[in-house]
Amino acid sequence: MAKSFEGVFAALTTPFAGDEIAVEGFRKNILRCNTTGLAGYVVLGSTGEAVLLGDAESEKLVAAARATSAPEMKVIAGASRESTRLTIEFANRLAELGADAVLVKPPHYYKSLMSPDVIKRYYFEVADKSSVPMLIYNIPQNTGISVEPSTIIELSRHPNIAGVKDSSGVLSNLTDVVPEARPDFRFFLGAGSLFLVGLLLGASGGILAMAAAVPELCVEVQTLFRRGKLAEARKLQLDLAPLNKALTQTLGIPAIKYALDLLGYAGGAPRPPLLPLDETGKAQVRRLLAKLGLLESQAE
Amino acid sequence: MAKSFEGVFAALTTPFAGDEIAVEGFRKNILRCNTTGLAGYVVLGSTGEAVLLGDAESEKLVAAARATSAPEMKVIAGASRESTRLTIEFANRLAELGADAVLVKPPHYYKSLMSPDVIKRYYFEVADKSSVPMLIYNIPQNTGISVEPSTIIELSRHPNIAGVKDSSGVLSNLTDVVPEARPDFRFFLGAGSLFLVGLLLGASGGILAMAAAVPELCVEVQTLFRRGKLAEARKLQLDLAPLNKALTQTLGIPAIKYALDLLGYAGGAPRPPLLPLDETGKAQVRRLLAKLGLLESQAE
Amino acid sequence: MAKSFEGVFAALTTPFAGDEIAVEGFRKNILRCNTTGLAGYVVLGSTGEAVLLGDAESEKLVAAARATSAPEMKVIAGASRESTRLTIEFANRLAELGADAVLVKPPHYYKSLMSPDVIKRYYFEVADKSSVPMLIYNIPQNTGISVEPSTIIELSRHPNIAGVKDSSGVLSNLTDVVPEARPDFRFFLGAGSLFLVGLLLGASGGILAMAAAVPELCVEVQTLFRRGKLAEARKLQLDLAPLNKALTQTLGIPAIKYALDLLGYAGGAPRPPLLPLDETGKAQVRRLLAKLGLLESQAE
Amino acid sequence: MAKSFEGVFAALTTPFAGDEIAVEGFRKNILRCNTTGLAGYVVLGSTGEAVLLGDAESEKLVAAARATSAPEMKVIAGASRESTRLTIEFANRLAELGADAVLVKPPHYYKSLMSPDVIKRYYFEVADKSSVPMLIYNIPQNTGISVEPSTIIELSRHPNIAGVKDSSGVLSNLTDVVPEARPDFRFFLGAGSLFLVGLLLGASGGILAMAAAVPELCVEVQTLFRRGKLAEARKLQLDLAPLNKALTQTLGIPAIKYALDLLGYAGGAPRPPLLPLDETGKAQVRRLLAKLGLLESQAE
């Protein structure tokens, strides 16, 4: 995965046209993001409504992402299944379709049986048999299972486990893992509000839902940080905080998609049972984007 | 679903032979249970490792269950998917294969978006389009989402929503729902330790993991209760409590399968990432079965 | 504590007159309850706003309860402090003032340090040094700490630990503890909705907040059960369920006090930061009491 | 509270001699800390075992802290009680004894009644009637109640609410509060692992348990940050992370006190039910201090 496996990755949404996935809209979004300074994409992540898709749909999206991304950009594909065997099969299918790496959540349905030992065995076996590098995906707010720092540190000894995307919002996960993990193990922030401070503490970058809507601004945080312009980086990070919170916590996926619509991307409605954003939520998203100077000023 | 939709249902396990499902073992278990007084079976439930199976495997199991069950026994099939559309498609496929009813968990990955309103719309749409009656499946310990009594009461107005299986262990769910729900709405206990008291408070029966291993004893609790032999019913319920706890909480599915092996059913190992029971767990299961008089006395 | 330590105990409220405790109202409530068939009272429980009182106030209430209760009725006093030493001192002061037993929550502020071993040592030391019998008080919804069945079973070996009040609502605590605890160890339900089924499964009785407002009806559930009138007991328990839920879960202490006002007891407002019941809550309590035939029919 | 209300504050422990508080040890610790660059002290915080102390003991400690602290250093005293009235009385007593400000947790026993509105009224009333400035103390891991950013922002409008100590470890609390709160409202990190990044994002300083044991190193993080030596600040923060975790999460107060013993302060055992550190914990603390160069190298 070499040196370039760092920077800002956008967690892409999945546009729909009626009941079906809208592959053209998906490609359009990627084409527009290709020139924003992103390091790559995550397809079939939580933001991508992966759990609402069938296998054939998922495969089409990975193939389309690979075909549309700039060649030097990484395509990381979500490949989680509850069973070890199905995860491995799916990961290798996505790799054949062009995924550079796979992102894998811990199995989490049988919560009381998911001891750290079971989780470790699962990841080691997937990593052994995956034809591309694997990233651990820690998102306890959705799975109800936390992959603990001590587990991540042990997993980092495996040469095919490239890193972790941590969406927990618990910054001590980073400070626990980074000093103890394999030196070239990547720690990616999944929580947009922690992006700048994560960089300060040694993260390799971020895999951000917000970066699907405002990739330039996310990249700008990183650029300012790398140039030592801390005060400006901090200001931009704080300015982005309310948008990030709305898109990833209070309003979620429907708000990301509405923001995409407003910003000229293919957004649209999520797939049921998820509902489109209501009018109150829409007004809030418009206000937040306007405050960042991304919309004409709002006459409400 | 008429009058006979009550009584004890066994939540069946899925036997495996190496990497593959062992349909013969599955049929053997059903044949032996057919004469135990059970009202029917749940296939593809949590106990059945449904989340670890592929679609084709799932369909084979439902067809086999229908073909093997005594004709007057109900076959209820788990049909949960995160997306509304995939749930409906899967439910109808299983109905064509012979399922008398489907058991459906709430979507639960996007926890922060799963408002009571979203959950209600989901269930109403599935119930509208399912060709067989639907049961709500509340199991917050696995899903991280609770279907609240007020939601269940509203859902009970739908003629194709036949009832609920509540595995939460929260008895007040029953006392909240039963007096307010549609009169012929069924409330099934999923928590074996609450079975007798649930009957006392008006439950229609139980859908019990324990009933896969000791169907006769579960049926006996109900028979004693119906005959007014409360003291004996209570003694049997309390005697069963430690076994139920081991099989469903402390040790889980691997213990149910080991108990099946000991009792002459097709048990075997669960599918990874689940692990077979370790030696300590095995000794505990042997002790518990011996205490109930189901094994030759143990020389340890 | 002999044989009579069983039956229904009312968890008393603390009436206030402006900023001060209203001892006369407190005594009036007890006098009226003395003839309802209750086995005794809990003073300084959660319902009694014990955590909002000063030490001198607490002591006055215990002395008043002893002086006012019928002689054959038990007075149980809450004596919890976070420190072992302060709990022992307080328990013995309350015993001198007439408490027949003390009710003690686990220490719970330093949650991460409260291992089962620490909790056991705490209770054993308090029980060693308390001049009256001690009851364990398990109320995880308020303390954030659960006293596990295995811990309670071990604690039941101590001759000065008379029993447990379990307000968790987790019925398996009862089925786990009763068969394994010291034979004369008392298990009291604290959750009103579980009272009847607890009796069926071997509980010694209930310590109920609802019994401060409707003691006769709580006693009636027990009487019907003891006389084998199961169907009537069940009907009454189910009829009481909505009132119990409002008084102990959705509306809480302010609703108990308003119900007392309506029923001719000394109710009044709780102490800040608790707020008096708002108009919506009041209407709900009136409706619930009217439905039980305890109020003139409501013209709203 | 003027300009100097910022920087690093040590959350002091309470030394004991047998059953009694050891005021001399307490003074000795303060005297030694007076020259370390700290901005002040917190007495009667969580680290100080405040919930295990009687009122008279608490008052002695505040008086001793005021008498012993360097005059320009702030003494902040924990004044939390569950009742509004008792909190106000206690806060004013501590102010008379020399506290410059009081630190107040939300009431948290009646969790289901603690709506944001109730919490706001409580804090506004305490702030109205406290003779010294008040700080909000958010520590959900101990109280089970979170004071939400939106609540803190509203509370910041009160002129006598000086700031917040946030021990939640949730960094987004800071990024939510700081841009919206009163401009001179202070945000203090209570989580040592977030200290540096909090400074980067605009915190006024830290109130740190770790600073009771290693005040110089905590001050050094701040000094390096202020001088723009980011790489060195980051290295020191990461080096401190494992010690901070042991002292505040995995081992807690007993470990802080043992570290104090090793470093020449008055440490000793905590008050029961808290237990002294066991041998495994002691070895871990020695290792962590040795790694920081604070102990002679360990021959284990």
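We call the chains A, B, C and D, going by the order they appear; numbering starts again at 1 in every chain.
The rule we apply is simple: a residue touches a chain if its C-beta (ideal position, glycine included) is under 8 Å from a C-beta of that chain, and two chains touch if they have at least 3 such contacts.
Computed from a predicted model, the values in this text were never measured in an experiment.
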Farthest-lying chain, centroid of Cα atoms versus that of chain A: C
Chain C-chain D separation of Cα centroids, rounded to whole Å: 36
CA centroid of chain A to CA centroid of chain C, Å: 50
Chain B: positions in contact with at least two other chains: none
Overall pattern in which the protein chains touch one another (line/ring/star/complete/other): ring
Interchain contacts (touch definition) - all pairs: A-B, A-D, B-C, C-D
Interfacial residue positions of chain B with respect to chain C in the complex: 169-172, 175-176, 178-179, 191, 193-194, 196-197, 200-202, 230, 234, 237-238, 241, 245
Touching residues on chain D, where the partner in the complex is chain C: 19, 46, 51-54, 82-86, 107, 109-114, 118-119, 121-122, 125, 141-142, 144, 249, 252-254, 271-275
